[in-house]
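Across the two complexes that follow, chain A remains constant while its partner is chain B and subsequently chain C.
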Partner chain A sequence: MTREEIYVKLNEVFQDVFDDEDITVNDATVAADVDGWDSLEHINLIVAVERCFGIKFTMGETTGLKNVGEMVDRIIAHLG
Partner chain B sequence: MKQLEYPYDSDFILRKKKAIRRELLAREGIQYIDKKIAILGGSTTSDIKQILELFLLNYGIRPEFYESEYNQYYQDAVFGNPELDEFNPDLVFVHTTTRNIANFPKVTDSPEQIDALIEETMGRFEQIWKALADRYQCTVIQNNFEQPYFRLLGNSDFTNIHGRLNFINRLNDRFCNYAQAHQNFFINDINYVSAVYGIKKWADPGDWYRYKYALSVSAIPDFAFNLAHIIKAVYGRNKKAFALDMDNTLWGGIVGDDGPENIRIGHEDAESELYTEFQQYIKAHKDLGILLTVASKNDEENALAGLARPDSTLKKDDFLIIKANWDNKDINIANTAKEINIGADSFVFVDDNPVERALVENQIQGISVPEVGAPETYIDVIDSNGFFEVTGISEEDIKRSGMYKANMERAKASASFENYDEYLRSLEMTAEIKPFAPVYMARIAELTNKSNQFNLTTKRCSQADIEKFAADPKFITLYGRLEDKFGDNGVVAVTFGHEEDYGNDKFFHIDLWLMSCRVLKRGMEFAMMDELISQAKSKNITMIKGYYYPTAKNKMVKDFYELQGFEKIREMEDGTSEWLLDLSKPHKSGNVAIKVN
Partner chain C sequence: MSLVSALFLVFVAAVLLLYYVVPKSFRIWVVMLASLVFAGFLGFYTLVFVLISAVLCYIGGLLSGAGRSNGARNAATIITVVINIALLCAVKYYNVIGSASERLDLLFGAVDGANSFFKYAVPVGMSFYVLQTTGYILDCRWEKITPEKNFFKVLLFSTYFPQLMSGPMNTYASLSAEFEKTKEVKFSISRITDGAVRVAWGFFKKLVIADRAAMVVNMIYADHVNFTGWYVPLGVFFFAIQLYCDFSGCMEVVIGVSHMLGIELPENFNCPFFSKTVKEYWRRWHITLGAWLRDYLMYPVLKSAPLIKIGDWSKAKFGKKNGKKVPTYIALLILWFAVGYWHGGLWNYVIGSGILHFVYIVLGMVFEPLFKKIRPKIGADKLYFRIFQSLRTFVLMLTGFVFFRSATVKDAIDMYAAIFRRGGVALNWANFSSSGMDLKNLIVLIAAVLVVVLVDAYKYVPSEDEKAKSAIAFLRSKGIVVLWAAFMFITVATLIFGMYGMGYNAGSFIYATI
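Then we have the complex of A and B:
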């Protein structure tokens, strides 16, 4: 799956989790850019991303993510 | 909403929860009951609350939540807190898990030390439950403990007193004993739900250490669904009846085409055995008070021939009503509902044919039509939906089917009398009309939550409320139990209200007046009023005030107070009316045939 293809699916996940069809994210997006992205919703986001791509992040991976770009890097690494 | 019925897609629910919530709240014509639910958590509860809300809204229950601060379940329960006091919960859910067990046995502990540890752990929980019961007199739901995801002692973890599994099983046993001994206390059996989900997937240490969720976030829908079953059962939102298809639902094959000798039922082959197990499962519901009916496209003769097979577990007599004809099934179910006098929305319709399912689901609002799938999944799909979640098995339940049957016999008998009063007298009715008594509290609470039609104020009460009113000297409470020559109808009428001084008068306000529709037109409401008046007089009450609050379902009692000889004093635009009875004037009883007490 290319980075672009991942973003297509990832945007849908963001739109569902934050219930806003206008959300699009990119490598530089951080939590503060998305309305409602607090620590509790972060959990839902991670679970939804895992389920969407059929992967399971390790505990360490999900705590240190700086932006969406890093999340996509992890997804690519898991998809191998 | 289909997405919230089993088999549902947990990932979908978690991901779309906000959109689902919006959709639920946008539905029209839903008569919600509002309930205040306090969640006292020993771990994170945020998503548990949000997903639970979806399932409850789907059951017609609109929750308002109090959520304890993280891991403050013990403090909130035992020491209370002003915010929770002001919230005044209808129901408290204590969300603790195996993660909240402070001390497990060490391999070096003596049996006495382990016994002491059990008592210490139990003592802490009993302290919580007792404090909640004392402070809020409300329903309490408590998780039991899930099995651990590792076994230090291997298989001996089960048998050896030092094993965690052994310890948890002992605690669960004690929780069970407590629940058996206490009313208004229910166990949310996460030990079972986690086993179904997979104990190791459920535990997910990652979600525990990152988010302090004591169960995997992905398991929350299963958890919340199971919890919602108890809550909706407590508030009278269980289903009451089955409407069952026959061909390829109760047996394999089509009785009209194949002939009764060729349908698959009994023990001759795998398919027959499968259908037999399903019939046994259905039949077992009868003892729980669930009414069995048939809605089948068949000639009646063929349908009955299928049931007449000696190896058919279900017999003709197990069914209250059998509609086997060629009318559409939604019409048959609607007619059945009318004849039994329960709502069509309290049916669970079981049919192997998706076309029939879709028709019935579209035509009858609120009916449950599970996607039963292949015959080997029928039991799982019906059972996992918790339609008939049991919170207590009453005498009423066990007798219910027989009572409805007796009712239909009464209807036949009434046809042979020319004068209705004469018919009533022939029923040889005797009633017990008395203040709320402990043995009937559960039934009385159940009636306040289930009765919609013959219900003047539609006030919903928990058992704890009912007990509170019964104990309050400012209240008069009465239940009515009616027996006749066809059988015992059980408790069928309930009223209560409170007194208030008003100038020189002493007023009595009727807060609730309801009657089960199974005893309509028997004069029971008049016998009840006679008793209420006599009790009121003995308390020097001078005026009785009655209220009618219209709902979509209670038009039949619009003129209730007029028939009881009250005078209308006010009528609002929405149809609400207020009525007065002056006790200084003589009152003519409408009861002609019931012998009371």
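Then we have the complex of A and C:
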């Protein structure tokens, strides 16, 4: 799966979790850029991403992701 | 050894002298030696427990790290974490979990077990370093870090003397990176000055404000048969001042001393009493505890299979929007129970520092859609509403402080009842000042609290995610003379107005006894 293809699916996940069809994310997107992305909603997002891509983030990844770019890097690594 | 004692200042001066005299590569050994000596000063049991905790942490980390089967790593993590936490519970909460009848007694008011061995053996600061070392083991398991092979580095991580008693809690990744910097740190007067100003500011908060406010607090909390009506909110208000200046004062000393060594520690306070909501308050008060519990307790719970199953069920039952909140509420309940329990194990802590805050936060979340609609209609962007939000949050905090400072739940409930009870002593100056708070003391207290409020108002940044402004950087920008004048003013004010001297023992930091 290419990075672009991952972003297509990832945007859908973000739109679904944060209930906002206008959300589009990129490598530089951080929690402060998305309305409602707080520490509680973060886990809902992580679980939704895991289900969408059929992967499992480690707890280190769950708490250590600095931006969406890093999230995509980790998704690519898990997909092998 | 108290952090607010002449002995501690002499100890720090000796450590600094040695630290900057020896070759840079030996500095870390000076810090290590100082940490073990400091632990020894805290008592034999403390020294023994920090050593046990460090060994456990070291072994747990090695066995939990990558390179072994997942089953073996899980087993190692579970065993070492459980032993670590069990040690804390067994030693610190022996009186609470002693027997079923004791548990009931505690629930309904009695505090017993005064002669237990464990009561005397409770190592100082154990609640802090046990969480920190547990975090290390979990970080190894979750592959956030590579297990440290050098035992002495783990030993230093778990015993680092400034933060040993009261935090701030730290991760191995950040603290070990700071330790590495000691090889490069250059001695500079400005580093020592900045650290000294923070230490002096901590002494000021503790000795001028906290220990002075304690006079009123001790009188009212000890006797709410006589001190009823308005005395109760007055006592709780003074306790809020005492607790904030006590704990944040302690952090000033800890962070200031560490800064002088070139080892930066995370801030634990960010102007908490300016918070708009209870949720925000907890991101500004005891920040490192909140972060620890979020990363090592709440996230794993929320990500666990049972909670995900509950989430699926509740979304199917109550709809996506409401249903996804159910596992969040369950995780928050577990989190706040843990916060309360960590503070002391007794029910007054579980309620006052835990469950009550859970209720406030969940109510805030439940009614948020309604508040969102109301806010534009009542001019929520105006200054008066902003002030109202901070006052409301402060009052909600006070309701928890009633429990926090009381000996038992029964005591706390009686304090609430005392607000409405008649027959106590009259609210007048003679009765109020019988606490020792005479006019001179009250004027000093008010003036000192105003200084703290002004400093916090300067430091305050609306977003709790951003760092507070540095008052020291501000003073330095006005010239070195201004900074030194501030240091002299704080020091002289503490020497003149501080609660110390012959025959007076500064009260121990409240959080050092947790």
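Heads up, the rule we're going with is that the second predicted complex is superposed on the first by the 80 of 80 C-alpha atoms of A that agree within 3 Å, B and C clash if a C-alpha of one lies under 4 Å from a C-alpha of the other, contacts with A are read in each partner's own complex, and residues count from 1 in each chain.
In this section, a contact is a pair of C-beta atoms (placed from the backbone, for glycine too) under 8 Å apart; a residue touches a chain by one contact, two chains touch by 3 or more.
Just so we're clear, the structure is a prediction, and the values are computed from it rather than from any experiment.
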item	value
Touching partner for A:55 - first (chain B), second (chain C), both, neither	neither
Which of chain B and chain C A:40 touches, first, second, both or neither	both
Contacts of A:32 with chain B and chain C, given as first, second, both or neither	second
Touching partner for A:64 - first (chain B), second (chain C), both, neither	second
First (chain B), second (chain C), both or neither touched by A:13	first
Chain B versus chain C as contact partner of A:76, first or second or both or neither	neither
Residues of chain A that lie at the interface with chain B and also at the interface with chain C	19, 40, 43-44, 47, 58-59, 62-63
Complex interface listing, chain A residues touching chain B	13, 16-19, 40, 43-44, 47-48, 51-52, 58-59, 62-63
Contacting residues of chain C [partner chain A, same complex]	138-139, 142-144, 294-295, 298-300, 302-303, 308, 311, 321, 324, 328, 332, 465
Parts of chain A lying in touch with chain C, wherever the complex brings them together	19, 32, 39-40, 42-44, 46-47, 58-60, 62-64
Touching residues on chain B, where the partner in the complex is chain A	11, 14-19, 22, 46-47, 206-207, 209-211, 213, 217-218
